[in-house]
Amino acid sequence: MVEPEKLSAIERTAVEVKPMIDFRSDNTGRAAPEILEALVRANHGTALGYGGDDWTAALQQRFSELFETAVRVFPVATGTAANALALASLGPSWGIVYCSEVAHINTAEANATGFFGGGLKLAPVPGDHGRINADRLAETLAGIAPGQIHRGQPSAVNLTQATDLGGVYTLDQIRAVADVAKGRDLKIHMDGARFANALARLGCSPAEATWRSGVDIMSFGATKNGGALCDAIVVFTPDLVDGLAVQLRRAGQVWSKMRFASAQLIAYVEKGLWLNMARASNAIAARIAAGLHDTSGARLLAPVEANELFLELPSATMDALEADGFQFYRRSKNLARFVCRFDTSEAEADAFVAALRRRLTPVTASRAAE
Amino acid sequence: MVEPEKLSAIERTAVEVKPMIDFRSDNTGRAAPEILEALVRANHGTALGYGGDDWTAALQQRFSELFETAVRVFPVATGTAANALALASLGPSWGIVYCSEVAHINTAEANATGFFGGGLKLAPVPGDHGRINADRLAETLAGIAPGQIHRGQPSAVNLTQATDLGGVYTLDQIRAVADVAKGRDLKIHMDGARFANALARLGCSPAEATWRSGVDIMSFGATKNGGALCDAIVVFTPDLVDGLAVQLRRAGQVWSKMRFASAQLIAYVEKGLWLNMARASNAIAARIAAGLHDTSGARLLAPVEANELFLELPSATMDALEADGFQFYRRSKNLARFVCRFDTSEAEADAFVAALRRRLTPVTASRAAE
Amino acid sequence: MVEPEKLSAIERTAVEVKPMIDFRSDNTGRAAPEILEALVRANHGTALGYGGDDWTAALQQRFSELFETAVRVFPVATGTAANALALASLGPSWGIVYCSEVAHINTAEANATGFFGGGLKLAPVPGDHGRINADRLAETLAGIAPGQIHRGQPSAVNLTQATDLGGVYTLDQIRAVADVAKGRDLKIHMDGARFANALARLGCSPAEATWRSGVDIMSFGATKNGGALCDAIVVFTPDLVDGLAVQLRRAGQVWSKMRFASAQLIAYVEKGLWLNMARASNAIAARIAAGLHDTSGARLLAPVEANELFLELPSATMDALEADGFQFYRRSKNLARFVCRFDTSEAEADAFVAALRRRLTPVTASRAAE
Amino acid sequence: MVEPEKLSAIERTAVEVKPMIDFRSDNTGRAAPEILEALVRANHGTALGYGGDDWTAALQQRFSELFETAVRVFPVATGTAANALALASLGPSWGIVYCSEVAHINTAEANATGFFGGGLKLAPVPGDHGRINADRLAETLAGIAPGQIHRGQPSAVNLTQATDLGGVYTLDQIRAVADVAKGRDLKIHMDGARFANALARLGCSPAEATWRSGVDIMSFGATKNGGALCDAIVVFTPDLVDGLAVQLRRAGQVWSKMRFASAQLIAYVEKGLWLNMARASNAIAARIAAGLHDTSGARLLAPVEANELFLELPSATMDALEADGFQFYRRSKNLARFVCRFDTSEAEADAFVAALRRRLTPVTASRAAE
């Protein structure tokens, strides 16, 4: 399976084989029917543009209840827009944003943060399984004198929750990073592209997982968890709102028919839909992990705490799995990523575990010859 | 009726009165049911993300047929994104983009073009009714020596079609501007937020209205004409494609579940839906204009060639119309804009004409006392 | 005389004729010997880089005395850098900066403000002779609702002192603009490329001409008035300092051997050198203006209040003056600019007046035939 | 010795102790008298502004002879400006620039490249002693598919010559990197802040060290090697010139009195001055390195090939050396940098070697107690 990287050429070659069992990404999946139904239901009457409609007002209300504080919610088209614009709102253009080496903002968003931030610099901080380690952040900050002019000035910290390697920050881990950051007046941004998966794992309230643990602003992901065409920025620190509102307009991220976005997001959290979907995809990932626990030849790069598995596998095993009809992304020669969606079935999970066990045995046996 | 300008405050006061007859904008309206149905129909199976899906491939095919040449179509969330990113693709960041003084990019997009263009400068060129006059463009360019370093370098021309004052460029007018521009190696961008309305007026082919008249790239509007959550950039000049693809990704304008956008755009042009809707809104505007032809006290700022009317009215008349339940935007003390949507009814149009006639008489009589 | 606009081509054709009497610009002239001597005197011992030297410390002290308040002075290479970076420090990247239509930042700096400001927009405000009119500024601001998201948000006002048409704001005029601006929380930037000329005209203190009249930050010009290789930003509002310091470093405007810049600026203001030079160039301009007062055929576009004259002249007269060996810039077919330098002699001024009088008579006589 | 990082505060505390023997940086030193004399000699007559003068024309001629090809030379205020603007000229704003982890552009220029490049991303490539390793560059590029949109697109490679750890690329090493880069259509930028030191080491021609080895554009440093107030960009690939000229103007890097900069650069290369100064500082560094060759307790981080030494030392030794009156920068707890200037004397070098030997013995003996 090849990364879909050549989409920019008009003469795109079809990289998609007949899908059989798809673990490529949580963005290859369907949307929850409830979300599309809400979108269709919003199609009546006229409504003021650019967010001046009743749905968007209701969205503010609904999320403020959800987060147990007055929040401001800005629907945006993509997680990249949410991340980059949220981070750009947190500090000056000569700022430094600390993140994990493997953070999505650092590896997969074409440096959107650097662009929207006007030259903002991303600086990786070590940690395990896609997390930032609070002590290592403290060491890094200690090396940058306040007021120095040569490196830019620390301005924010980005946490991906769940992490880009399938881990989940505990509340203590978030707070430890936030404590270090606040000691230096840095703001905290949470990239919650898979926030629902993390929340389902943590079992705490949305408030605890965010502002009560020090988060100032978050990218609230819906797309990867059964959404369709929008994510959101949720602002917990009110003085960020006014600037962000103009910046979003300038960024082409304020739909004139905003009701169709707001309606999706309201439906997403209605009656626990989002958490139900996240629990489902987490459970599938856990089921696969459990199925592999005594398998030799496949090593998990990180504990499976959300809906992704990163497996070190012989490349021949990857070839064989593809021949069996499984779709997934190769991250490197011996590392593959498998992502579970809310609608991935237990049967698909079990088929994958069975295939992997079957394919690993002969491969492992022949590895000495490789 | 107040412009919805204070949406950035959390404690937004409800500016929306009970809608009665809404001429505020073509973005206050519904989406065409066909478009939402197509979106819902796309919700099956898995599909490669970021545009690697069958719907997006079909979109390229469909629009290439429509425009009678191989085009590249990039769905984007908003017209502002389409305009700014298209213009940023046409030249260097030190470029000058010529546009009408009243162009949407100059008055209503929070300088998105300057931002996405990395400091790109907009320079207004005079013309009637929102058009750029080709001779005035030539004069302006003559004043900027090639190679000079003090002003930036001319790079592109932006035409709004239909114009921001409700006019429509004829093909000859487009070609005249394009000829001047091409003589200086400038690229042409068409802001087609209301392209369907212009095309319905012109009665020519999409190809004639664009690349055959010199247009290199266009913002293809759908939202204002019965769309829901996406517009598009259509590229006619192939060497712009690769850079734009990366820039769109970086701008957070590439949906991972792109199929839901592409499906909307395919439905938009299917069986002439877009032109049928545009003809409907144009006809309503023409009906109102005809109804006013012998009215004293209301003066059209520009000929009504698409779906908008700009009326010079006494402010007391505006107050009276609002009291009658009509919604519209005041552009200045004595200028009001009335926009017709695809689903504005003839009855609404007639009610407006009647109210305006009724309200003008006493107001006009009392104007001496104002 | 042709504008030196084609310097970017390697094969530059020599546009410079044998100079005879040069009124092209105040940047074509020599530096004051005192300034270069100070630079040379600074060349001893070692000194900490990037402004950590004794000369730069003395500069802070000297300018703080000069302005009768604690200021921060940042030497920069050019007036364009001073203007753009000062303005970028005054507000967010989605800001609007109000300026005169003919302001240098709007006409001659390749949109440096838009670039350094990350998409900052310049919005012209009418006024006479290169000034902003306070009432017109108030009207403009009244049209932009606080909190609206569609146009960007007003952030700063730029005043050019002396103006780009050779005028000088009175203190009352500055205060009137500042009052309007402060009423909307806008900051005031003074482009003082010819601040010494203005000050020489006003006869007030530097403090009165700047922060006591509401100026927050200024571009302090030296180059045009006998300087060599640096101008400066002078900051009156302390909370602008820290961000600006980093932004200047990032902009490549912090010399590592800063002492050689600071020494120039100290010498520039020592013993009134700057004001003496400005008085000299102002006096030459006044002498020319006086010499023309009863001349028909040459009309001053603006009162001569500093060291520049803008003369409406028949183009044939311009040709004739050039043939006589006078150098100057043509701003348009019938408008020429004449700039007096600190070392322009009275004899040069008188020669120019005599030539103009001589050349106007026959030209004027023949104008009917033109 | 503390890094002069807090210069942004008005109340700067004097960090400079009475200088005794200064190894802090090559930017703490004097300028060569020949350079300042040339600057002073240029102060006669009038001259067209912004580079339209005879000195700047002569500079083009002189450097074209020096590099044995028609080059374009743009004087700029600082090396940061040279680097960032040169790199910004090499590709689109969504580009990736490969550099060493320790490259000045990555560690010490406040992300100027990201800013001037409009969001350009720096990506470190491993290598020894501040170099980029060609094989590692090839591996890195192999991981980025052409046409992919998620990471940005590779656009340029930055080589620091001499490197930021005191090494010098051999011609073969430059060519190896250039070969890999050209295979992917990447441009090569050389940060030649210490180009003279590298050239003195290599003993080859300027042409061989640059464009004949694949360099497209370079930052030509003078400041660190006896210059005063300017460095330069030298362009070898002609199609980069026109855009760069406008960008420099917009960046506030085009002095109106350019003759005073061009005169410095002409003097810098006249009669081999630059290479004589570089040989002198290199020789001092080599003398120190030779003096340390049998010293235990001090370890060179990299071979001394130019004018810098990076020494791993016990921190107590650093304290002792400072107490002895030596000035230098601590890069970390156990790493110190010593930089030799063109006017550092052999006596200063010998005094340092003696002190280090003296201070190392007791310190080393007592290290067990640390």
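Labels A, B, C and D are assigned to the chains in the order they are written; within every chain, residues are numbered from 1.
Simple rule for what comes next: contacts are C-beta pairs under 8 Å (C-beta built on N, C-alpha and C of every residue); 3 or more make two chains touch, one makes a residue touch a chain.
In this text the structure is predicted, and so the values were computed from the model without any measurement.
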Labels of chains that are neighbours to chain A and to chain B: C, D
Chain separated most widely from chain C, comparing mean CA positions: A
Distance between the centres, which are taken as Cα means, of chain D and chain A, whole angstrom: 40
Euclidean distance of C-alpha centroids - chain B vs chain D, Å: 50
Where chain D touches two or more other chains, by residue: 7-9, 50, 93-94, 109-112, 115, 118-119, 147, 149-150, 152, 242, 245-246, 249-250, 254
Touch list for chain C against partner chain D, complex: 4, 7-10, 12, 14-16, 19, 22, 24-25, 27-31, 33, 36, 39-40, 43-54, 57, 60, 70, 72, 76-85, 109-112, 115, 223-224, 227-230, 238, 241-242, 245-246, 249-257, 260-261, 327, 341
Touch list for chain A against partner chain C, complex: 50, 92-94, 118-119, 147, 149-150, 152-153, 242-243, 245-250, 254
Chain A - residues contacting chain D, complex: 3, 5-9, 93-94, 96, 107-112, 114-121, 145-152
